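Order of writing sets the labels: A, B, C and D. Residues in every chain begin at 1.
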Amino acid sequence: MKKIFAIIKDKKRLHSILFEGNDPLSRPVDIFIMVCIGLCVLMASLESVVKVDDYSLQAIFHQELSGIGILKTCIIVLEYVLSILFTIEYILRVYCSPVKKDYVLSFFGIIDLLATLPQLLSIFFPPLRYLSIMRTFRLIRIFRVLKLFAFINEGYLLLESIRKSINKILVYFFFVVVLVCILGTLMFIVEGQIPGTEFTSIPKSIYWAIVTLTTVGYGDITPTTGLGQFLSGIVMILGYTIIAVPTGIVSASMIDTTKKKGQNGRCPRCNEKTDLNANYCKHCGERL
Amino acid sequence: MKKIFAIIKDKKRLHSILFEGNDPLSRPVDIFIMVCIGLCVLMASLESVVKVDDYSLQAIFHQELSGIGILKTCIIVLEYVLSILFTIEYILRVYCSPVKKDYVLSFFGIIDLLATLPQLLSIFFPPLRYLSIMRTFRLIRIFRVLKLFAFINEGYLLLESIRKSINKILVYFFFVVVLVCILGTLMFIVEGQIPGTEFTSIPKSIYWAIVTLTTVGYGDITPTTGLGQFLSGIVMILGYTIIAVPTGIVSASMIDTTKKKGQNGRCPRCNEKTDLNANYCKHCGERL
Amino acid sequence: MKKIFAIIKDKKRLHSILFEGNDPLSRPVDIFIMVCIGLCVLMASLESVVKVDDYSLQAIFHQELSGIGILKTCIIVLEYVLSILFTIEYILRVYCSPVKKDYVLSFFGIIDLLATLPQLLSIFFPPLRYLSIMRTFRLIRIFRVLKLFAFINEGYLLLESIRKSINKILVYFFFVVVLVCILGTLMFIVEGQIPGTEFTSIPKSIYWAIVTLTTVGYGDITPTTGLGQFLSGIVMILGYTIIAVPTGIVSASMIDTTKKKGQNGRCPRCNEKTDLNANYCKHCGERL
Amino acid sequence: MKKIFAIIKDKKRLHSILFEGNDPLSRPVDIFIMVCIGLCVLMASLESVVKVDDYSLQAIFHQELSGIGILKTCIIVLEYVLSILFTIEYILRVYCSPVKKDYVLSFFGIIDLLATLPQLLSIFFPPLRYLSIMRTFRLIRIFRVLKLFAFINEGYLLLESIRKSINKILVYFFFVVVLVCILGTLMFIVEGQIPGTEFTSIPKSIYWAIVTLTTVGYGDITPTTGLGQFLSGIVMILGYTIIAVPTGIVSASMIDTTKKKGQNGRCPRCNEKTDLNANYCKHCGERL
């Protein structure tokens, strides 16, 4: 306990634990936070299955003594515990930031706030528990899991490859959006006049075009006329063919990255470890 | 206003603004046109949702004063404004072209005409507003958005990669069409005789083959016999495997292009900018 | 007419026209045959739509004089004309082959026979027209279109790339078949006992596994239990990930082929045409 | 018979036949085992179709003399024969292993046991035949088929390519799982409140997200609101784009492997066979 207060007093150390991850304590703390987030996701899933509808503190003591009643009690208790933990985490993060505004207004600062606020407000003002839609915002807490990626070194090469080709992918993405609009409107012209058609409006037809071009194919909207089926056949083969483009982009970029760094960050000639941004191996001079 | 007329008088400058894009004014003009097209697409989508059925000028003043009525009025007014703008643009484009026939008969010349004509005709001859099917042609205006691609430099490398491999893709495309015909007829032989089958004719079976081979899988037509399910299983694994071919083509081409130009048009050795069609870096002599 | 007989008499020339394609006449002959095959495919499609049920010669004269009746007449007449043409072609091919057995027992020899025989038999023995299932074999004639690929030079590089990696693709194909069997049986264990399930037997569950793993996803068989949905979620992500493998195989092979021959069969250094199987450019000595 | 006992006595030889595959006898033995496994899979499939419900020895003699009755008899007899064969195989494998514990506790040792045990127990204790769910474990026997891959040399290169990139694929796999959780919960927020929605809980919404992101698209759960369709449109294009990532990973790795070993384990320069782990060709010194 004393130790914890000592750490909390030492703002610099606290900062390195919570933000930088180069302290011996930061690993267990990070893992603990992640387990909490995992529990949180599990709770949200369970809640939506067993349909918990009363989150007040009293509800904990008034559940039926059936299996589901006990599960509901566990969920509510855990909700409170997790809410308090996340609130403490948020306060500590703000507290140890050298420039508080920087953290509070950063991407993860806003997400951390959004993940804790609705729950807290519903504690102090019970009627707020009716803001059931607001409460669902808490689910965004799941985004925190994304922080996990900072842990995995392998992810770095992946991200680098994607970042390199992000421009081309965006151009491609934009092209797909335009194509989908054109195909959707074309399909609306062809099938929209048929009585009983599912192509009732252009946005819905665009939705169909996306479903088809990406080869998802729900089947909730399908062409019924011969011309419509012919056109959608073309859309499908088109989608099938242009699926190759982003793959080509990422492959080209990934091969480039792989070749530069070697498959495992090792020189392909002497097999010694190379720096990640080196152009020549520092051991044998091989061009990477 | 005066300035605008000065520009209109200077045919050469007008041409460079509207067609070439190397004038300081061409950028804002292009962006303005694109915003108009974007609005146009949005209008077409909204129209199909709220079902506007009267496009006469009087209709503007006779809408109900409900939310949808006001929306309808806005749509109709914007339709007229956009039609006039596009007409002016079309006239200016024809006017400033040195060889008028070249533009009018070019791909975008015809699309520009098709995008403006039906709307215009329905203004001057009110009964023409019943040509509702003709009016939908106006939706082709959406094709103009394709011009956007000329703006984005990144798109150039993409297009070059695709153009290089277009021959192989066409061969592949043709192969898929033939394959789909064969598989469709085979499936018609297998499932066509079953009472209550959805494989009622060969074209419909070919449509099914496309839906299946491209892994879209709507589920509106599915095999019911054991043999039919066995055959379609083979079709699926086949489609799953040959999806690799266009990807391989584009990847190979893209890697080739990337290697030649460097990832960002830079020499991989000295990292200086290289010319797009250079075979050797002009700074260090490295073969690109 | 005389000219035709002269050619027919010259067995060697006839052989080079029909089989080798290096005679000035072989191109038009091939195109003519292909047009006939195309017509044949079109006929088969139309037949299945308008449901022609009487193929006897008399039927030609007893159709109703409606649009569909005339169409039926055209179909029947064309059927006979095409049958005769294909029979003549088959006879000529057998006639001009130096070793007749070689052609008759070759892959295309058998297909050519199967494509002409059922039709012929139904002419001489009218009751044979009831062998409607046999008649559908005639649709295999569509396979002839595959011969088209020999015409297109671009296809050569494609085929070479695929042939190089055919071994790996077969291993992969076999792996997918095994995987699909395992996943299908697992799913049958999980979902097979539920009343009203669509997973009624293992072969049907394997069919489901193929539909899911290849990301086709008809939706005619879907899991309903939580465990079944969890398992199929894993199958989907698995399918999504292993789709990468054949793509990788073909890409690697295609890049290899492309690099060796240059993108257009030209040396990447001096840009001169290279031989297709050369390892070094014959103009500048560059290693290909 | 004598010969068989001689082999069984020679533990070393038996081990090399059953485990190592470098004995002249190991090939036919392996093929025999594989045929047995194939039969076993076929039996399991047939059983689930004809619904065999009594596996006792007496049942063999009490089947009706109809086609299905005879089929059932064959299935039951074959079941017993195969069970005995697999038991003998298991005993021999344990017997000839130098360190018995190593085999029994190895992956294939456990699978071999699980594949034989349930069947055996149901022979000695007839009431155990009601453990129908346990019996299905026997289907895991299918995993033995995976051993097939040891035969095919081509598979080695494939596995090497995949093993090299397994880390990256796992990171990607984890990323997809997180993404799917986020998208599922988002969709539950958007569509979960609509009456009659199919998005009844978060796990079900996550299932939907997997079905959509992997482009399977069953269509058993589909969005009905405009916002839901918009969001799922984004999910689809996202899934369509990120499908490129694992492909890129595997392609890069496969190209790397291919380049190192040559397409067929041959030096790209002198075309001589190279060792699989060589970095330089042992014939001409070319770097591989």
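Criterion: a contact is a pair of C-beta atoms (placed from the backbone, for glycine too) under 8 Å apart; a residue touches a chain by one contact, two chains touch by 3 or more.
Every value quoted in this text rests on a predicted model; they were computed, and no experiment measured them.
Colleague: Nearest 5 degrees, what's the C-alpha rotation angle taking chain B to chain C?
Modeller: 90
Colleague: If I list every residue number at the interface of chain A and chain D, are over half of them used by both copies, so same, or under half, so different?
Modeller: different
Colleague: Taking the mean of the CA coordinates per chain, how far is chain A from chain D in Å?
Modeller: Result: the chain centres lie 31 Å from each other.
Colleague: Mind checking the centre-to-centre distance between chain B and chain D? Centres are C-alpha means, answer in whole Å.
Modeller: Once rounded, the distance between the two centres reads 44 Å.
Colleague: Using the touch definition from the top, which residues of chain C touch two or more other chains?
Modeller: 172, 203, 206, 215-219, 243, 247, 249, 251, 253, 255
Colleague: Which bits of chain C are touching chain A when the two form their complex?
Modeller: Per the touch definition, chain C meets chain A at residues 215-219, 247, 251.
Colleague: Can you name the residues of chain D that touch chain A in the complex?
Modeller: 164, 167-168, 170-172, 174-175, 178, 181-182, 185-186, 188-189, 192-193, 200-203, 206, 212, 215-219, 222, 226, 229-230, 232-233, 236-237, 239-241, 243-245, 247-249, 251-253, 255-256, 279, 287
Colleague: Contact residues on chain D for chain C in the complex?
Modeller: 41, 44-45, 47-49, 133, 136, 139, 142-143, 145-146, 148-149, 152, 154-155, 157-158, 161-162, 169, 172-173, 176-177, 180, 203-204, 206-207, 210-211, 213-220, 243, 246-247, 249-251, 253-255, 257-259, 263, 269
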